[in-house]
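Could you have a look at this structure, given as structure tokens, before my questions?
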Amino acid sequence: MARYVAKRLLSLVPVLFGVSLIVFFLVRLIPGSALEMYMGTQVEATPQQLEELKRIFGEDKPVPILYVQWLGRVLEGDFGYSLRTGRPVLPDILARLPVSLELTLLALLIALLVGIPQGVLASLTKNRVVDAANRMAGLLGLSLPQFWLAALMVLVFSGFRGWIPMGNYIRFVSNPLRNLLMLILPSLAIGVGLAAVIMRYTRNSMLEVLQADYIRTARAKGLKRRVVIVRHALKSAILPVITVAGFNTGYLLGGAIVIEEVFALPGMGRLALYAIYQRDYPVIQGIVLVIAALFVLVNILTDLLYAVADPRIRLDEAGR
Amino acid sequence: MKEPGADTPAPPHDASLLLEVEGLTTEFRTEQGRVAAVDRVSFQLHRGETLGLVGESGSGKSVTNLSILRLVPDPPGRVVAGRVGYRGKDLRTAAEEEVRVLRGRNISMIFQDPLTSLNPVLRISTQVQEALQLHHGLGGRQARAKAVEMLRLVGIPDAERRADDYPHQFSGGMRQRVMIAMALSCNPEILIADEPTTALDVTIQAQILELIKGLSARSATAVILITHDLGVVAGMCDRVCVMYAGRIVESAGVDELFSDPLHPYTRGLLDSIPRVDRAGGGRLHSIPGSPPSLIDMPDACPFHPRCPSAMDICRRAYPPETSRRAAGSDRARTVSCWLHAEVRGGPTQREPA
Amino acid sequence: MASGRFSRNSIAMTGAAIVALYLAVIVVAFFWVPFDPLAMDAAHALQPPSLASGHVFGTDEFGRDILSRIMRGCGVSLAISVAATALGALVGTFMGTWAGFRGGRWDHWIMRVADVLFSFPSLLLAIFVMAVLGEKSFNVVFAIGLVYIPQFARVSRGAVLAIRQADYVKAARSSGAGSGFILFRHLLPNILVPLVVQVSLSLSVAILLESALSFLGLGVQPPAPSWGNMLASARKAMVIAPWTAIYPGLAIVLLVLGFNLLGDGLRDVLDPRLRNVR
């Protein structure tokens, strides 16, 4: 088990290395360099000033060397400075992590609380019509574009202006209630789609497990239906759901770009979006690297969680 | 928390008759049509007796037993007719709750594949304890103690420690022992063993069968043993029912069956057993042809295409069940074959149900 | 035989019907739309839907007919999604099949590349690529296609690996079949099933991705209509003119639902294991 953990964590390294390569080199390919954009506002500059600017904007050396230098600094925790604001990149990124994290966790909570019971119920119904209706409802949830759902919610709830705080984001620590109110709509917008995914996976997994021989054994022992479903079926069926829930969590940390934009939440996705809009290279490099790293890390954690939950992996045949 | 209803004494009748199955019929709805996997099956099980149910794959033996306990998956299967008499009740038509109360407590079942029949994410101790906690109302610690005792009884070494293991940490033979422990933990009156050794190594098979034999003798548990192996039947059973294409074609005491098989199919099965003592070292005998498709079967003897003694009437009508009582035996033997059907005026003759 | 089951599967049929409807709309829109999708008419801006005025879905903030823009946008969105999925499927399947079949170092390195691509959340990767390539409709195909490469690589590699081990392949080999023969007769037909399902589901996600990109201004550029950029411009007007947001969104939802139903239904029909389960 410990070896499994170590192996998975070790696989982080080459992947992140590859990610950093792609990020760095692709960023350099973005047309309209920041220097040119900056220069647009200047009338003229002396050759020395030009040299200095080039150095600041990182355009004085060949790209591979710049990459190595950048990588070196990153490993020491120095992600450089934003071209737009001049502030250090890493602290800004980290400041936005809690926001994305809170949004993601709320959405996940909604999705699990709604999706799992629905999925279990859907797997148990024998009525063809109800079953088809359940499946369509699940697929419908998957088909809703988040930004549309968000827009509809804003529309519907615009009457509740007093309830939903608008304006600047309020952190959880300063005012928990207002913070949660601000995040309800965005988490719902994400949560509905995620609940549909969870419901489908739960239903499919339950259907497969219910066919298994050991469920027949459980029934042959005279166990009550509820016990068979919860203790025997659900316990195995939940495993693939762990995987998909974890995957989506990792995705949402950096991928909830549209929702953050619509609701003006200062999350990581939004930072990445604006950095790309503004061609702010250091920020782009930093945030994309962090988002990818988090995504991979969460996936690894999910795998580990799965391994712990499934005794067949947790305890191999040899040892205990 | 004990459950009511399972202790009602059986009404006075043949005091040793435990289970009476009459005309049991189970159908499956498939894309190609209706399949009568179990067709008008009747047999009796007496206290302490070991009844063998023999037949090829697809003959309906497993489904018969699932039908008794109403464990046939629905859809696509359904028990459509017949009577399963136990303790004065008809299990086929009784309420689901009444039947559930009996499962694991009065009537237990063990299955063919121990690999897939145990829940991989639950500990062995949990799985063995469940029945005890449910049916006998034992608390956690008591149930575990009893579970460990059962595991020891079935021959699991180091039972106290291994009880907390998971199924994948046990070998095939050990898992089957666990299944037996689970099934017998509540002292059922009837144990249904569905091909308990088919999936195991030959060397382990004998051990498991001995275990079943020993344990059932100890507590006078009646056993319905399903198998395709006549050798197992010879060693374990008191009475045998031979099944073909979903029907029982012959039933008799084990000695009677082996010494004087009446139905051509039974004879074919016995002849197919390779014998080292046969002089000449001739070819291995086998029954030509293959089992029929069970879809929309016509009213004829299902074995006639492969039968060496087939007559014209075999093609046209299903043979009635004929009873015969051998001298010195108080149990009748039956056979459904036109060769042995007596015309009117002869020994007892029964029309198919 | 499979077609019989398909027609009895209500989910697959509904999905197919929806997709067919959209295809019909595209064909019709090629020849005729109620109004010119680009014609601005300030006098009739933000008109609610009414049959009398001919603007069945109303007009947007520039007075353009929403229904016509939806119809035209349909062709664009679907074309981009199909092209992107095809690109991702071809490249990804090739990579995955190669990796699974050859194994060893090929497998290792190809899947490394796939893993790296896979570690970006798809929308972020697409946005990034659009920034690099330039915000043109055509480039969306590459952006989304790139996102799909690792997914198709994984699916096809998984299918190939599963089959390589299968007993019937060993049996074929032991009776003298060569690699090419095995590839065609055994591998390909069995990869087809998970691939077909994956394609259908990918098409649905592609529509969503394209809409999201257009919504963010990084996809189809206005004034060309795309459901995504229609929703973007509707954001301001939507409080007083909800139809500007509702109808384009509905168009997306319905088509995505259609592809999802189709994919789900296909999986039912083609997967032999699930056949006798309701």
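Per-chain numbering from 1; labels A, B and C assigned in written order.
Just so it is clear, a residue touches a chain if its C-beta (ideal position, glycine included) is under 8 Å from a C-beta of that chain, and two chains touch if they have at least 3 such contacts.
Predicted model only: the values in this text are computed from it and were never measured.
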Greatest separation from chain C - chain, by CA centre: B
Most extensive contact between chains (C-beta pair count): A-C
Whole-Å gap between the CA centroids of chain A and chain C: 21
Mean-CA-position distance for chain C and chain B (Å): 54
Interchain centroid distance [CA atoms averaged], chain A/chain B, Å: 55
Of all residues in chain B, the ones touching two or more other chains: 75
For chain C, residues that touch 2 or more chains besides their own: 278
Sites on chain A at which at least two other chains make contact: 126
Parts of chain A lying in touch with chain C, wherever the complex brings them together: 14-16, 18-19, 22, 26-27, 29-31, 126, 128, 131-132, 135-136, 139-140, 142-148, 151-152, 154-155, 158, 207, 211, 251-255, 257-258, 261-262, 269, 272-273, 276, 279, 284, 288, 291-292, 295-296
Complex contact set, residues of chain C against chain A: 10-11, 14, 112-113, 115-116, 119-124, 127-129, 131-132, 134, 204, 208, 211-212, 215-216, 231, 234-235, 238-239, 242, 245-246, 248-249, 252-254, 256-257, 260-261, 264, 277-278
Contact set on chain A toward chain B in their complex: 126, 212-214, 216-224, 227, 231-232, 235-236, 239, 309-312, 315, 317, 320
Touching residues on chain B, where the partner in the complex is chain A: 69, 71, 75, 100-105, 108-109, 111, 113, 116-122, 130-131, 134-135, 165-166, 168-169, 179, 182
